[in-house]
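Each of the next two complexes has chain A plus one more chain, namely chain B in the first and chain C in the second.
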Partner chain A sequence: MSLRLENVSVTAGGRTIIHDVSLALEPGTMNVLLGATLAGKTTLMRLMAGLDKPTSGRVLIDGKDVTGVPVRRRSVAMVFQQFMNYPWLSVYENIASPLRVARLNTAEIDRRVRRAAQLLGLEPLLDRLPQQISGGQQQRTAIARAIVKGADLVLLDEPLANLDYKLREELREELPRIFAETGAILVYATAEPLEALLLGGSTATLSQGRIVQAGPTLAVYHRPSDIESARVFSDPPLNESDIVKEDDVIRFGAAQALPAAGALAAIPPGPYRLAFRADIATLGAPWPASLSLAGRIALAEISGSESFVHVETAIGTFVCVERGVSTRQPGQPTSLHVDAARVFVFDRDGRPVAAGSGG
Partner chain B sequence: MTRTGVLPRIGLAIYLLALMLPIYWLVNMSLRSNEDIMSGLSLWPHHPSLGRYFFIFNDSTWVHAFGVSLTYVAINTVISVTVALPAAYAFNRYRFVGDKHLFFWLLTNLMAPASVYAMPFFNLYYAIGLFDTVWAVALAHCLFNIPVAVWILEGFVSGVPREIDETAAIDGYSFPRFFIRIFLPLIANGIGVTAFFCFMFSWVEQLLATTLTATNALPFAAVMTRSYSAAGMDWSLLAAAGVLTMIPGAVVIWFVRHHIAKGFALGRV
Partner chain C sequence: MDKPLNNRAWLLVAPVLLFVLFSALLPMMTVVNYSVQDQMGENHFFWNGDAWFRDLLNPATEVGARFAGALVRNLAFSVTALLIEVPLGIAVALCLPRKGWTVGATLVVIALPMLIPWNVVGTIWQIFARQDIGLFGAALTGLGLHYNDTQDPVSAWCTIVIIDVWHWTPLVVLLSYAGLRAIPDAFYQAARIDGAGRWAVFINIELPKLHKVLVIAILLRFMQTFMIYTEPFVVTGGGPGNATTFLSIDLVKIALGQVDLGNAASMSLIYNLITITLSWIFFTIMTQLDRRREE
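For the complex of A and B:
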């Protein structure tokens, strides 16, 4: 089964939530919808599932228009971010629910339920009721229900957001494998760029109800077609600054000028927006082609085994990543080196001019 | 945080005593003879007798009336809950033109006293031959019970997340199957509470019940009011009938007590 959205828009209460989205999804693929909260990921998934109808545009399955076809008559499984289970049914019956509706025989139901339970580590909990297990276990029950159904289209709406760290890592690897076997279209919504990178497949970046860019995940990551796409696909947030190229220098306002190195050397003179991700900026040794800015430490955030160090310079505050737990103190003078070979340069409309590889 | 003071306990005991006193007095009276009752204050029956109860059980008018009352109350409760369930679901889950106004308008039915409706009902039912049947009373009580039932149930429906409906739809449940197999169990407490309120209202309501019936479908309470006109007041008999009137209510409360406890905590009661 292939799924296509054609010029789909959704308007609710006078506000446009989805703007003219077109997207094609092929069977057996992993598709990540990447966007911040309220970017429209959930709305888009509800359209794909058939839970909602688009205000305009068409939804096609295998070329057939299914825009008005209700969800019960589609081959869809969906896991909501706020997990849903039937409270008075045991975990076993919750997982078996779609199979019971489809009237499969008991032996087949039992086989599928136990296999899914095994994949998700729910075996010891099958007799419990949802309120007797933890939130993460409830979410796994909901995922198991989506697995057993064997649907052609599987929609996972930030399914791992409520799980603990270790399980998240495991499932992130397991889920694409589980569904790849079934040949289903897997759509996975997430707000975390790292998750999109780990899942691979294709990624569509979403911002304010629009698809900014769609393509293979790594291509979208390395070659953003728009500054907004780079913003969506950066965590910590993308570092940005307005620059003016003049001959062989770039000026950051009146305050600072640096030699135009790396990707900046080849662009024609004029105003641009420079952007770079935190991982190509360092406080250590300069890069071969480096933009070096003097500044002082503003803040060191610890995120897992990395630290996000905010550096205040004459032209704004930038974030860089350091391995390990940073012991840098706010106020310390330092210099920030940005790899000029890998920076992004966008024109005033946000279109890429010189594409570094982005990190 | 348990309070173990003596004073609160005494206060509570006095309160409960005051609450139980009329009921006790009714039971007390029902076990005494009329002469005994009229002769003076007596805190407990000196010669207790179940005679008046046997009299009621052996009198076909009383037994028939008791059956009639239970029948129309049961019919009314079933109709009210059955009609109110889909209505409450629709009011909560769908937007339609005038939904809020309609919801409020339902409640305005409760603003007029029952006596306002007695005459039109009488006239209507007489014309179509429903007068003096259990259906007459059962349907008339719907006028009050359905709005209350819709209102209470809507509160419970709103407590069930919409995603449950959607999860069931994705699992492939048809709507009727979803409603009966998935949704009703989720609001079982609400249904219990609603049925209780419908039952109670219909059971104690007298005006419509007596106006819309004559002999065939005379409710229990109407027989009670009739029994003192014959030969003075039969205090003891009235008291016994009063005790019997309370029994179905007590039984219903006993059965739905867990639902009510949860229902009061969760919903709109």
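For the complex of A and C:
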């Protein structure tokens, strides 16, 4: 089954929630919807599921218009961010519920439920009620319910957001593998760029109800078609600054001018927006083509294997990544080196003019 | 173990104890007092032991027969009222709008009967049910039904039940509605995606999520129906015959009509005990079921 959204828009209460979205999803693929909270990921998923009807536009399955077809007559499974299970049914019955609705025979139901339970490590818990198991187990029950259904379209709406770290890592690895066998279209909504990279497949970046860019995940990451796409796909947040190119220098306002190295050498003179991710900025040795800025340490966020160091310069505060636990103290003078070969340069409309890989 | 005793703590609870003493214990003790004494002539009381209680609980005696009859009627009434009001209340709550200005409007209209005092409700229905000028009675008679709430036991009984349903179903509606509103929307979406029908959603999502408020609703409604007094007092006066003579009605007849203080006192104590015991049993069963589910 292939799913296509054609110029789909949703308006509610005079506000447009989804702006003219077109998207094509192929069977057996992993599709990530990446966007901040309220970007429209859930609304888009509800449209795909058939829970909601778009205000305008069409939803096509295998080329057939299914815009008005209710969810009950579509082959779709969905896992929500909250753990959704029937409170009075055992784990077994919860997993079996879509099969009971489909009126399969008992032996077949039992076979499928046990296989799904085995895949998700739920076998010892089949007799329990949802209140008697942990949050992670509840979510795995919900995922098992989506698996047994054998749906052609599986929608995962931030399924791991409410789980603890360990379980999240574990399930993130398992989920694509579990569903890959089924040949279903897998749609995975997340707010975390890292999660999109780990899942691979293709990614659509969403911002304010629009799809900014869609394509293979790594291509979207390395070659944003729009500054907004790069913003959505950056964590820590994208570093940005207004620049003006003049002959062979770039000016950061009146305060600073640097030689136009790397990707900046070839662009015609004029105003631009310079952007770079934290990992192509360093406090260590300069790059072969470096933009070097003097500044002071403002803050070091330590996240274990790496630290995000915020550096205050004359033209703004930028974030860079250092390996390991940073011991830098706020106030220390330092110099920040940005790899000029890999920076993004966008024009005034946010379109890329120099194709740096961004990181 | 060797905590120092601090008797000053009594000072702090003294106001509550005093209040309970005057509000509950002293009045209650007068009843207990009457229940173990008999009276001869003017204010001359003597000890009667448990004779009143033995009479009361023995259906062979006159008062025992009255008590047993009224108790059965009371139970029948409570069961009937609950069987109608709880399902009806849930059904109405399910039909109520979920958003928009209609929510406030419907809730106010539905809550109106609860705001009317018992006495007024009784009077309204007494007139409403009359066969000559009452809309309800006249309409039923006009339809060719045999309806007479003052002479026909079935009519009288139905009238009392209908009054209670009209007066108190709104309570079940409001409680259920609050419970329904507390269910996150995502539950319904998940069920829709599973392909569950309306009935499956009700059984597997709504009812489990409602059962806590339903425990409260059933408990409240049971206690209130079991203590029913005003409606039969005003509308049927306990008749025709004894058809609508409930415990409280009989109690008042014995205490104030016949001034049989001993009979009345023992009866009110037993009546009180039955109410408390039944409520406790309800509550325990329901909360135990709940606990077992969570373990």
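Note that the second predicted complex is superposed on the first by the 358 of 359 C-alpha atoms of A that agree within 3 Å, B and C clash if a C-alpha of one lies under 4 Å from a C-alpha of the other, contacts with A are read in each partner's own complex, and residues count from 1 in each chain.
Convention: a contact is a pair of C-beta atoms (placed from the backbone, for glycine too) under 8 Å apart; a residue touches a chain by one contact, two chains touch by 3 or more.
Since we're looking at a predicted model, the values are computed, not measured.
After superposition onto chain A, the partners chain B and chain C occupy overlapping space and clash.
With both structures placed on the common chain, the touch criterion links A:L299 to neither chain B nor chain C.
Once chain A of one complex is fitted onto chain A of the other, the partner contacts of A:A77 extend to both chain B and chain C. Once the two complexes are overlaid on the shared chain, A:Y86 sits against chain B and chain C alike.
In the superposition on chain A, A:A265 makes contact with neither chain B nor chain C. Of the two partner chains placed by superposition, A:L198 touches none, neither chain B nor chain C.
Look at A:L129: by the touch rule set out above, it reaches chain C but stays clear of chain B.
Residue overlap on chain A between its contacts with chain B in one complex and with chain C in the other: 49, 51, 71-72, 76-78, 80, 82, 84, 86-88, 97-98, 101-102, 142, 145, 149. Residue ranges on chain A touching chain C, taken from their complex, read 46, 49, 51, 71-72, 76-78, 80, 82, 84, 86-89, 97-98, 101-102, 129, 131-132, 142, 145, 149.
Contact residues of chain A toward chain B in the complex are 49, 51, 70-72, 76-78, 80, 82, 84-88, 97-98, 101-102, 142, 145, 149. Residues of chain C that touch chain A in their complex: 184, 186-187, 189-190, 192-197, 200, 204-205, 207-209, 293-295. On the side of chain B, the complex with chain A involves touching residues 161, 163-164, 166-167, 169-174, 177, 182, 185-186.
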